[in-house]
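For reference, the structures are reproduced in the following blocks.
Look for chain A in each of the two complexes below; its partner is chain B in the first and chain C in the second.
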Partner chain A sequence: MLSKELKDEKPERIAEQQVEDLQLIFKRLSMKYSDKIHDEELKVYSELADSLFEVRLAKVLEGHSLGDSFDSWEEEILSKLREFYVSFVMGHYPVRNGKVLCRVVKELYFSGTVLKPGDLIFMEVKKAVGLLLSGVVEPCSLFKKTRRE
Partner chain B sequence: MENFLRDPAPEEASKLVLSAYAEKTLCVKIPYDPDSVIFSALLTKYFNGEVAVTFSSDCQLTLNKGDIGNSVAYRGVEVFVGSSAFSSLLPLTVEDLVPILAGIFSDVLLRRRKLSDWEQRILNNAENLGVIREKGLKIPAYREVPLFLSLFYSLDPFVPDISGNPVNALKLVKELNGNEFTKLSDLDESKLNTLLFRLVSSLVKVNPKATREDVIDDRYFYNNYDSLELGMSVLYVMDTQGSPILFDAVMNTSLFWTFVEWLRGLLSRGFNVQVSEEGNRYVVDSNLSPILAYIVLRQAGKAKDRRPVYLRRGEKFVSSRFFLNSPEEGLIYDDKD
Partner chain C sequence: MFSIKYKALRRLARTYRRKVIIHDELRSLDLGLEEVKLVKGNDPDLPSWLIDILEPEGIIGATPITIDEIARYLYQEKQNSSIPASLVQISNDFYFRANHLLRELSKAGNNITQLESLKKASQMLDELKRTRGRKIVQLASLNVSDQSLINKMTTEEYLVYRELRNIINTFVGDISGNS
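Up next is the complex of A and B:
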């Protein structure tokens, strides 16, 4: 899988079923054996998976699409992360002391209260990014125009 | 209700609010208006932990605005503050002077009320920080811009045929032997009295009870800011852009001047306000924002009920969160039309 990935500039299509078949092999291997040789073997496969991640990540960052591959969610996450990063540096969000103002998108439990969509929360950037990726909050953009103006 | 029969106790409320700084995280429930947003942003500015601002859920700290006055409730203790703006309850410093003035004066304009005794006390203290108080005309920025522009920009009072109309505003100044560059301070007492007479005569056309008191008031200035214009600008900005931008301005106070410039940009295109009642809403033909149109309507005794104000935009109608129960902010189009 990795060698194929390294041959082309564009990401390979890797179907979900293909990865699930592999997962089953590794699960069996992990469950069946418990010795140094097999531990080393699994370590090598882990390193290959890590390299696969790096190569495909680099391709997504260069603007290639993962299509309907098993890891297409990477694209959405990176796109959100990239947009947040650029807007953050460009001063599009209200920030102070490592915190950023976000708008609640889905109900969120906070300090004994259930926050509703449209409420605001001033939270640590790292936490805000986590909740942004899971679609619970979105940073308040200062330069968003009205829907049709 | 028992609390509300007592005299306002803003000093006590101020202490109650400051005790919330002991919390690790804080949730504040507020009404949707600029004063309450500025209050919560000021609180957040100096709070170490995370802060949530909700417009609907119950919280540790709750700000209430009602017909009989305002109150602050924190962990089971509720204190009545009368008509005072919530922004006036927080510590007055040079750093936060502009947001506090913006909070107080936006509320004075929105609620069509006089300054409370507490707010006057706060403003007396603000004079030690450089605020200038003088008895003057209630037209915006008269210390900074020519008189005809000041008359042209005036929304409260909205002077029929003069507000929003630069030609007529300049004509009036020329009748006083002035020109495009004449400032209010250039008028002698006799011309000033003539101007006052002309303004009141115009106001009487929409409000028969109008007197000189409607055009003269204690006026407050700080650096280039006129508190009246500052209050109006935050009403406009929150109405059209939403609350986060006000939040950011409290953190970076120089942005308030940008708001003043935005308002002047809007008003300098000229404006008019024609209202009609259509079922459960007021429909206004105007290029102002919904809240600014509402402020003009209130002066003529209109829009006193809870019916929302919509502006006509071609075939569509637009309002804002102040009038609608919506999680959206900025101008909100009525999709039903």
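Up next is the complex of A and C:
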């Protein structure tokens, strides 16, 4: 997979089934063996998986699409992160004491309080981003759309 | 992006296969993706990471590159050092094997002969890389896409060539407004 990924400028299509087949092999090796050879083998393949992630992520950042590959969710996450980042830097969100104003989308238990959809709360940026990616909150924008759109 | 790809390539190189000689029989090895049978007298090709484990234990012997081999490639490469299309074909695992040789020679301790060999091999390898590197830079800047020339590059060299060619093409496109 990594070898093909390095040969082409565009991301390769990696079907879920291909990854599931690999998962089965590595799970079996991890459970069955614990010796120098297999430990090293799993380390080598872990590093390859790490590089596969890096190379494909870099391609997405360069504007390529992962299509219907097993990791296509990365694109959605990156797109939300990118939009938040740009809007945050451009001052589109109300910010107070380093906290960003968010609107609750899904009911949430936060700091001892139950928050309902529609409630507003100032949150630390890191928490706001985590909950934004989970679809639990969305930052309130001072403008209808970002100027990039 | 280049450093990410280069790191990936170096990691991938650990899965490249090389021919080995079996010294000591082992039961077959279940590697998950394949089953390896180490039978004395056979010369199978094994992934490099496995060779790195079995070779120090004396179970197998790798076929290392020799200083003479590096010298021969360097001589051929320098014959037409200013002509980029004269790139000489070297095996895909050449640099991997050459680095292996350097590592082996560096274990010499105080053995003067081996230290001299290390110095010689290291200098020749460096010169070979630089000579080939110059040709590859020229091929990329000339936007040459002749497959027979590309086939003469190792995977690492091809990555350098392709990235350089893309950078130069983007730059040229930007200047002429075609990007």
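Keep in mind that, in the parts below, the second predicted complex is superposed on the first by the 141 of 149 C-alpha atoms of A that agree within 3 Å, B and C clash if a C-alpha of one lies under 4 Å from a C-alpha of the other, contacts with A are read in each partner's own complex, and residues count from 1 in each chain.
Just so it is clear, a contact is a pair of C-beta atoms (placed from the backbone, for glycine too) under 8 Å apart; a residue touches a chain by one contact, two chains touch by 3 or more.
These figures come from a predicted structure and were not determined experimentally.
Colleague: Does chain B (first) or chain C (second) touch A:L29, or do both, or does neither?
Modeller: second
Colleague: By the touch definition at the top of the document, which applies to A:L6: first (chain B), second (chain C), both, or neither?
Modeller: In the superposition, A:L6 touches chain C alone.
Colleague: With both complexes overlaid on chain A, does A:L142 touch chain B (first), chain C (second), both or neither?
Modeller: Only chain B; A:L142 stays clear of chain C.
Colleague: Mind listing the chain B positions that touch chain A in their complex?
Modeller: Against chain A, chain B makes touches at 23, 25-27, 44-45, 50-60, 240-245, 247-248, 251, 316, 318, 326-333.
Colleague: In the complex of these two chains, what residues of chain A are touching chain B?
Modeller: My answer: residues 94-96, 99, 101, 103, 110-124, 127, 140-142, 144-149.
Colleague: Which residues, counting only chain A, touch chain C once they are in their complex?
Modeller: Where chain A meets chain C, its residues are 2-3, 5-6, 9, 25-26, 28-29, 32-33, 36-38, 40-41, 44, 47-48, 51-52, 54-55, 58, 62.
Colleague: Can you list the residues on chain C that touch chain A in the complex?
Modeller: Residue list for chain C touching chain A: 1, 4-5, 7-9, 11-12, 14-15, 29-33, 49-50, 52-53, 155, 159, 166.
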